[in-house]
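Written out below as structure tokens is the structure these notes cover.
Labels run A, B and C following the written order; every chain starts at residue 1.
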């Protein structure tokens, strides 16, 4: 599986007074099995970008290739692409409409042309993977809590068995435990199903904790593309474009300024903790050494 | 008397079937006691479903208690005659920025409240201007709310409430649907309210970072108040908070983990600055 | 971008027309529309044209902006032209195959086209120079006498202004829901009428639910801000007639009289 974006541009409301270039010369390659995070200020083009990946939005210029095939080719079936690149929008529970949870999750596979029986099998598996108890499957989706509705909506996309799972701020509006549960679920899907996952988020801490590769969007262009450590090292530039680094990264930098040899590229809590512990234990053994002398 | 006094407040959502028989009872508020003094900044924390929003809606009588007593600004909330007085003294800002803006022009929306309580026209203009200035949105007065960002819309909502000159403002998860910038804008505006105007502020949220500057924090779970105290006292009880489906800011969590690992960092670290100081002292 | 599509966008400007009382503008628009169907002949056409363009000039709305609104009715205009050109009986001017174009046909087509264009332009002035709130305020005040026969004028006006406020939001929401369902393989285009109707369910159900949720939230927000119906409410921008309104009414009356007179001279 690979997705290649080649010189992709997207312009809104072309030739009117409101013309906006939402995407400028995007060149990206998404590789199989990656766990990618996309961050950027509101209006930076993140949402537009991900809607290009499943063909919902057509680029104004440039090409997009899924597994080497040009998705804008006249013979290419975009409907198939939408089954392979599963897109979970923000507040996905707003798309629920069926009379039961189970029926709603079957919608995706049915649209892909699967038989009733096959769709139900996929729905079954999907609902199991999102951890929604069977007690709820035959209830109206509108009776469920916010977090449960969201998991139903995600199951609805998973039931299509996509190769790539794209999630736009999947934790929006959830409480802390709810956020952890959803992100752990996504990480689990990445691990166990070897899915390629693309996560759009506003939380630097979340992104640092889970992703292997981080893309920073700014005013329609890709500003940075690297590991979280590499990207967050540019924390000053990130601030200038309205973003930030995870809290612990700032902490590490300040500790260094004050003379503690903390790891300046720590981006997660674990890394920060290890780094501080190490700095302290080195100092302690140093002190012990000088004491003995 | 305190501005808000709630004693053993109960709220039950009763589900009935077609024959009007009781199908199920959900106790959203289970004998809640709450005391808020005039001018305080109180935060109410809780996971989704803890009852915090239900409690909030009692404070301006959008919901009536099933049991217990509630006094707001010296008035009994159970007395139907007091509804409009209480609502005028206690304003509310809601979670969804779009669903609380009524007019198509910012200044007209801010005027909605004063219009409802019969404020004379010239006075309305004065209040609208004052409130828009205090939230930093005066330059948008003739704009359509549609073009504003989430944070800007919420600030307009706050101005709309302040234009009624309430003694207290309740904000029910005002930042839940905003991006980090919007969240910051709104919290700054909220902070100003308390400081400049001595308005009592009650902030309902599940984001710990927002309650750092509160005078007191209440934590709710399952319809009950389970923790009470200053932010510092509450923040140090990381495991307890986690058991209530809440979380502490990354810095506080790091301080807590370091303590567990043997580094004698003081309890209740709230900010990055504090942690830096503490670590430097220990080093 | 979709948020800019309101029914009759408001174009803010500092003009005489903008400052008129909405009731004056409502009345003037009605008179104008009547005049469009009453005028006859070139003299009448000149009067109507003069009236329209004078108002457009005074409104300070750029003519290019106004013409954009005509794009929506291009199809109707075309149909009107074709029908009138080819189906009006009279003296043949040109003919090919079985189709004839008559002199009367030409004249009718021309006048109908003009009527339609002027109709759109003239009504646009109303919505371009009057905010939705002003319009509903104007309607509310004009229709107040209906209160006596128990018509809930204030409530209707409130409903209208809230509906106007939420139209762009609902349009954007429809787009979002549509995209979400498309992302799950929904197909809104192919199939016969029945199939297409069924395909609307995943779009309409969430939309309705969302609309109800918004209505609920809005009701709470309104109550929280002490909304209690129309009694005892004051207004930030109360409608008061000014000198300019009297002049406008007078001019409208004169204009109408002229159009009628010119008609009787034909």
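Just so it is clear, a contact is a pair of C-beta atoms (placed from the backbone, for glycine too) under 8 Å apart; a residue touches a chain by one contact, two chains touch by 3 or more.
Since this is a predicted model, take the numbers as computed values, not measurements.
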item	value
Shortest contact path, chain A to chain B, counted in steps	1
Pair exhibiting more inter-chain C-beta contacts, B-C or A-C	B-C
Chain centre separation in whole Å, for chain B relative to chain A (CA means)	30
Chain centre separation (chain A, chain C; CA means) in Å	44
Where chain A touches two or more other chains, by residue	none
Of all residues in chain B, those that touch chain A in their complex	47-49, 149, 176-177, 179-181, 206, 208, 245-247, 249-251, 253-254, 257-258, 261, 263, 272, 275-276, 279-280, 282-283
Residues of chain A touching chain C in the complex	12-13, 18, 20, 51, 54, 56, 79, 82-83, 86-87, 89, 92, 94-97, 107-108, 111-112, 142, 156-157, 160
Complex interface listing, chain C residues touching chain A	1, 4, 173, 176-177, 179-187, 201-202, 205-206, 209-210
Residue ranges of chain A in contact with chain B within the complex	41-42, 145-147, 172-178, 180, 202, 205, 242, 244, 246-248, 250-251, 254-255, 258-260, 269, 272-273, 276-277, 279-280, 283
In the complex with chain B, residue positions of chain C that touch it	3, 10, 12, 131-133, 161-162, 164-165, 168-169, 213-214, 217-218, 220-228, 232-238
